[in-house]
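Take this structure, written in structure tokens, and hold onto it; I'll ask about it next.
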Amino acid sequence: MKRILAAAAIMCLLVSGIAFAQAVAPEPIKIGAVFAVTGPASKLGEPERNTVKMIEAEVNAAGGIKGRPIEIIVEDDGGVEANTVNAVKKLITNDKVIAIVGPTTSGASLAVKPIAEENSVPLVSCAAAEKIVNPVAKWVFKTPQKDSDAAIRIFENMKSKGISKIAIITSSDGFGSTGREQLKKHSPALGIEIVADETYAPADTDMTAQLTKIKASEAQAVINWSVVPGQVIVAKNMRQLGMTIPLYQSHGFGNPKNIQACGEAGEGIIFPAGRLLIVDELGADSKQKAVLAKYKADYQAKYPNDQVSTFGGHAYDALWLVLNAIKAVGPDKAKIRDYIENTKGFVGTGGIFNFSAEDHCGLDKSAFEMQTVKGGKFVALSSVKEEVKAKK
Amino acid sequence: MHSFSITLQYIFTGIAVGSIYAMVALGFNIIYNCTGIINFAQGEFVMLGGMFMITLTTTWKLPSLVAFPIAVALVVLVGVGFERIAIHPLKSPSVLVLIMITIAGSILIKGVAMFAWGKEPCYLPHFSSETPINFLGATILPQNLWILGCLAAVVIVLAWFFNRTLVGKAMRACAHNRDAARLVGINVKQMVTLSFALSAAIGAVAGIVITPIILMDYQRGAMLALKGFGAAILGGLGSGPGAVVAGLLIGVLESLGAGYISSHYKDAIALVVLLGVLFIRPAGLLGSAEIQRLKKF
Amino acid sequence: MKKHVPLALFVVIVMGLPVLLKNPYYIGALVFVGIYSLITISLSLVLGYAGQISLGHAAFYGIGAYTSGLLTTRWHVSPWFALACSMVITGILAYAIGKPVLKLRGHYLAMATLGLGEIVYIFFNSAVDLTAGPSGFGQIPRLAIGGLVFKDDIRFYYLVWFTVAVLLALVLNIINSRIGRALRSIHGSETAANAMGVNTASYKIQIFVFSAVISAVAGGYYAHFVTFISPTTFDANTSILLVTMVIVGGMSNVWGAVLGAALLGTLPEYLRRFGDYDILVYGAIMMVIMMFAPGGLVSLAGLVKQKFVGNLSREPAA
Amino acid sequence: MLNVEGLTKEFGGVVAVNDLSFEVREKQIKSIIGPNGAGKTTLFNLLTGLLPPSRGRISFLDTNICGLRPHVIARMGVSRSFQNVEIFDNMSILENVMLGRHCRTSCGAVSIALRRRKAVKEEALIREEALRQIEAVGLDADPHSSPAALPFGKRRLVEFARALATSPRLLLLDEPASGLNMRETEQVAQLIRKIRDSGVTVMLVEHDMSVVMEISDDVLVMDYGTKIAEGKPREVQKNREVIARYLGRSNEYAKNPKP
């Protein structure tokens, strides 16, 4: 009996001690993050998680926000939508976060859209699908550029080259299918005819069958839209089949590892992407240069084994949108939401954001820069053209 | 492009893809014959083969010829270790429990690989040049020939092993009747370990030769295992020739399906054919209903 | 009367849990456990009792979800009627599928069901005009009875677990009856069962259709609870997860099915704190359970019971 | 009650049962004997519908049962035991025997699931009858325990009880004495007689000649799927062809009685 009493006394002391310790330190501002750190989309979720952890450390090292440290609670949903739903509920009701960054994938973002709405918590998604912000939901925002803008930029580039008949090949997952939708939707207006429409499963190992069909069609160019290894395999298979028509890729191609994997087959691929990959080329007049260079340098310093990618950039933009709001209006959900909705001219890695009540994405097609692969590096397409002109 | 060359190209593609399925299916069969279970970690052996090869050649800068056997040996080690730790100690497990253990094993191996090699796909250079070989208007990569060559080599070695060596014959005895094999003095548990070693080796070889074409990441194994399982079933579980024929057939069906019907439904087309075959021949193309042991779950 | 004790206890626990766990997050997680339980209970009849493996149940789960979701969003059918439609449609499909497929055995049956599940998954992905393709669709209305809308987690919790309790009551009655014995006899020896007058083919298809219909209910609940569905929720991984739940819980006992769903359904929640390592811990837990308790979690419960209560139980060994 | 005419079963090119005709009369014990591979078990599988015959006619109680599915034949009153004892180890002894009542009961899933009075009553009757059969075959084991751990002889008794629980008119026993010791064999022989005396017709396949000669009313000798002789045990024993083809090799069987 004595022992139990003693144990109880010690426990009481400990508990009160912890409580006391907590009372002294300023309570952190809690922000939630849901990323697919494992599962099929983990190569996107990983840099996103790394990025928010990096920013957390940076902000806290600088003394937090108005003396209060920030705490970013990262949840892994493994790319399973039921898990995302649970994770977001946990963040909202258990951890009482004031805003949420993520999820990584479009499906997961759409699944938690109603939860953010019902609980009145601002959520800034890092996923691409336009459905996330269209129709506009009061509490839901997103940072990646719009699929439609990517499609339009590609089509504009094609038109400038006199290409009118094209083939599209997309992966049969969320990213690929929303791309396919946008490509089909915007092609007629820009006078482009899709003469072949092929898909492949995300884990497929060979696309020569689809490409053979495309080769036999009248297509003057191919657009591949995916984030899976397929985007490399398509490039290589085209080379194998001796196809010389230009290959366009989606903004999902923006990862330096793809160049290495494509080898020679990667040369000349054209794709729209944010300017993170070509930050070294940007002139000093570019508003984004400072932000991009800092993000790239910080990330590379903190995670030397990982290469900076546009996906991490989406999380960077999302979190800073929230943090800027907190800095300005304090940790209040409704005020944060209003602040984000009224944010204008926010310079992020993805572009310059101008939000409004009708536009919860905030980016337009100027956020994209048409890029290409040259000499094993990403370079702006405009600079290549200039070189060609100069030679002439 | 001439329509003949197009068809030929589809068939080439199908054979190139199908030979990968065939190799995975062979790995399934060896363990199935010895234990009656489907080893769902087979796809992970393939993935590990490619991953080890990448590390050995790119990080350790070993020449391919040296790295190849080392990579295979490492995967064999993993296979044997898995069997020794998770399957060997069990007394009389049911088939379904064993399958669950292999699923758990595949999750574990996948997890370790995720930490070891990261989440991005890794890349391995082609064994020889990347210049495609043109044949009657259709093209094939030299690496595809390497894959076919390896498949042929694996088939020849396996045929020799099971028909000409004592150990191979002992393994076949286990496949036929475990109790009888035990009675004539064959150490059945050792044979099970050996079957894991052998199918890990085949998986590793498959992984190494296909990585230059398909890229390798820690999640690649699952899809390969699924297709390989389909091939093993279509050919008739336990039948070596069946696995090869069925693997190639599924590959060609997918490719022709994508070419002539619809790439959206190409996997479904192959599966419909598989199901159709099973409804007519419930034990697969080359499996016989009499020999098929009706394993209970 | 003794037979009813476990079920009564179960109902008390289910009723009481929300009082203990006031947090809506836990309640929300338990809703998913309830949805999984519906499937695993009915799947355990197919797998544990009748001994027929199905690696394609996510397809029925998905057909239920999609039918209910599409009918309510596209054609504005009332959710309950849509749910009923999804049961009928899934039942008919399961019958058409089961008729030829259930003639196969063992691994062949496993592959055939896996393949059918894949075909359905590919259909969800590719029939974009109907299903909205891989990106899925949302704004599925919630279920309601009169003015009572099941919009918050706690209401849905009671709806789902009420369904689970009803299903359990029905299933428990069935397994300890001539039909339950007939199912188990198929598992034991199909030949002997046949010779003893059990129409094995008919029972196999009946139980397969039954579990498919229940899976469709679970799918409908999922659709109306999350209000968004996309194909990835119903892929082969889910099928394998469902079978794993049944086996880890203990496949020869319906309580095992509930235990398995509860463990593997909430495990991702516990494992979040492990970050990336969750995949390793998950695999390790699964492996350890299967190695040391091949009969599943219920067999552990049985051991505990034997130790403390002695072998008083006259419950038939399942 | 059972009339077999020109029954033939071919597997590929092998003829397992060849143009076999015989008759079984009510309440008699008819034994089928013959060397291994003579087609005895195949005959049982044909009679119970587990295998479809290639040709011929089987009529049971003046109904043609050829091509009927096994569960229908069982419901008509034909039950059997198996050479290797096929009882269900995933059920208790009692449940095994209760399963035998399956074809004599009819409650549907709905009434069972809702525990209608009809279903509860029927279940009680099933249990009663099963316990009665367990006692009738003289099985002294806890009916609630698993049969998996029982010795072989008792497993066979479980199978008998299960077969009897179907209330058969005709009971087919496939080597009921194989694998049993002398005492158990004697018990089984007595049991078979008792079954016959209760009004059930019995057919058995057996290698143990002492049992066959002791209890059979009628013996049919088969070899290579054809009938060699048929008649009273004594007559058959004297039949020259039988002696030459079968009993002449009895020493061989004595050395190696199990197939």
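As written, the chains take the letters A, B, C and D, and residue 1 is the first residue of each chain.
The criterion applied here is as follows: a residue touches a chain if its C-beta (ideal position, glycine included) is under 8 Å from a C-beta of that chain, and two chains touch if they have at least 3 such contacts.
Fair warning: this is a prediction, and the values are worked out from it, not measured in the lab.
S.K.: If you average the CA coordinates per chain, which chain's centre is most distant from that of subunit C?
M.R.: Between subunit C and every other chain, the largest centroid distance is to D.
S.K.: Select the chain whose centre, defined as the mean of its C-alpha atoms, is least distant from the mean of all protein C-alpha atoms.
M.R.: Closest to the centre of all protein C-alpha atoms: chain C.
S.K.: Can you compute the centre-to-centre distance for subunit C and subunit D, using the mean CA position of each chain? Integer Å is fine.
M.R.: 40
S.K.: Find the geometric centre of each of subunit A and subunit D from their Cα atoms only, then give the gap between the two centres in Å, rounded to an integer.
M.R.: For subunit A versus subunit D, the centre distance works out to 72 Å.
S.K.: With centres defined as the mean C-alpha position, give me the subunit B-subunit C separation in Å.
M.R.: Comparing mean C-alpha positions, subunit C is 32 Å from subunit B.
S.K.: From the C-alpha centre of subunit B to that of subunit D, how far is it in Å?
M.R.: Distance between chain centres: 47 Å.
S.K.: Indicate the residues of subunit C shared as contacts by at least two other chains.
M.R.: 122, 125-126, 187, 276, 279
S.K.: Touching two or more other chains, which residues of subunit A qualify?
M.R.: In subunit A, 38, 172, 199 touch at least two other chains.
S.K.: Can you identify all of the chain pairs that touch?
M.R.: Every pair of chains in contact is listed here: A-B, A-C, B-C, C-D.
S.K.: Where on subunit D does subunit C make contact in their complex?
M.R.: Within the complex, subunit D touches subunit C at residues 48-50, 69-71, 74-75, 79-80, 82, 86-92, 94-95, 98-105, 107, 109, 112-115, 119, 122-123, 126, 144-146, 162-163, 166.
S.K.: Show me the residue ranges of subunit A that touch subunit B in the complex, using the header's touch definition.
M.R.: Subunit A residues touching subunit B: 38, 40, 42-43, 46, 172, 198-201, 203, 205-206, 208-210, 212-213, 215-216, 229, 232-233, 236, 239-242, 255, 257, 260-261, 263-264, 305-306.
S.K.: Going by the contact rule set out above, which residues of subunit B touch subunit C in the complex?
M.R.: 32, 38, 86, 89-90, 93-97, 100-101, 103-108, 110-112, 114-115, 226, 229-230, 233, 237, 262, 264-265, 267-268, 271-272, 274-275, 278-279, 282-284, 294-297
S.K.: Contact residues on subunit C for subunit D in the complex?
M.R.: Interface residues on the subunit C side: 170-171, 173-174, 177-179, 181-182, 184-185, 187-189, 191-200, 206, 252, 314, 316-318.
S.K.: How about subunit A: which of its residues touch subunit C in the complex?
M.R.: Per the touch definition, subunit A meets subunit C at residues 37-38, 74-76, 78-83, 85-87, 89-90, 92-94, 106-107, 110-111, 113-114, 118, 129, 131, 172-174, 176-178, 180-181, 199.
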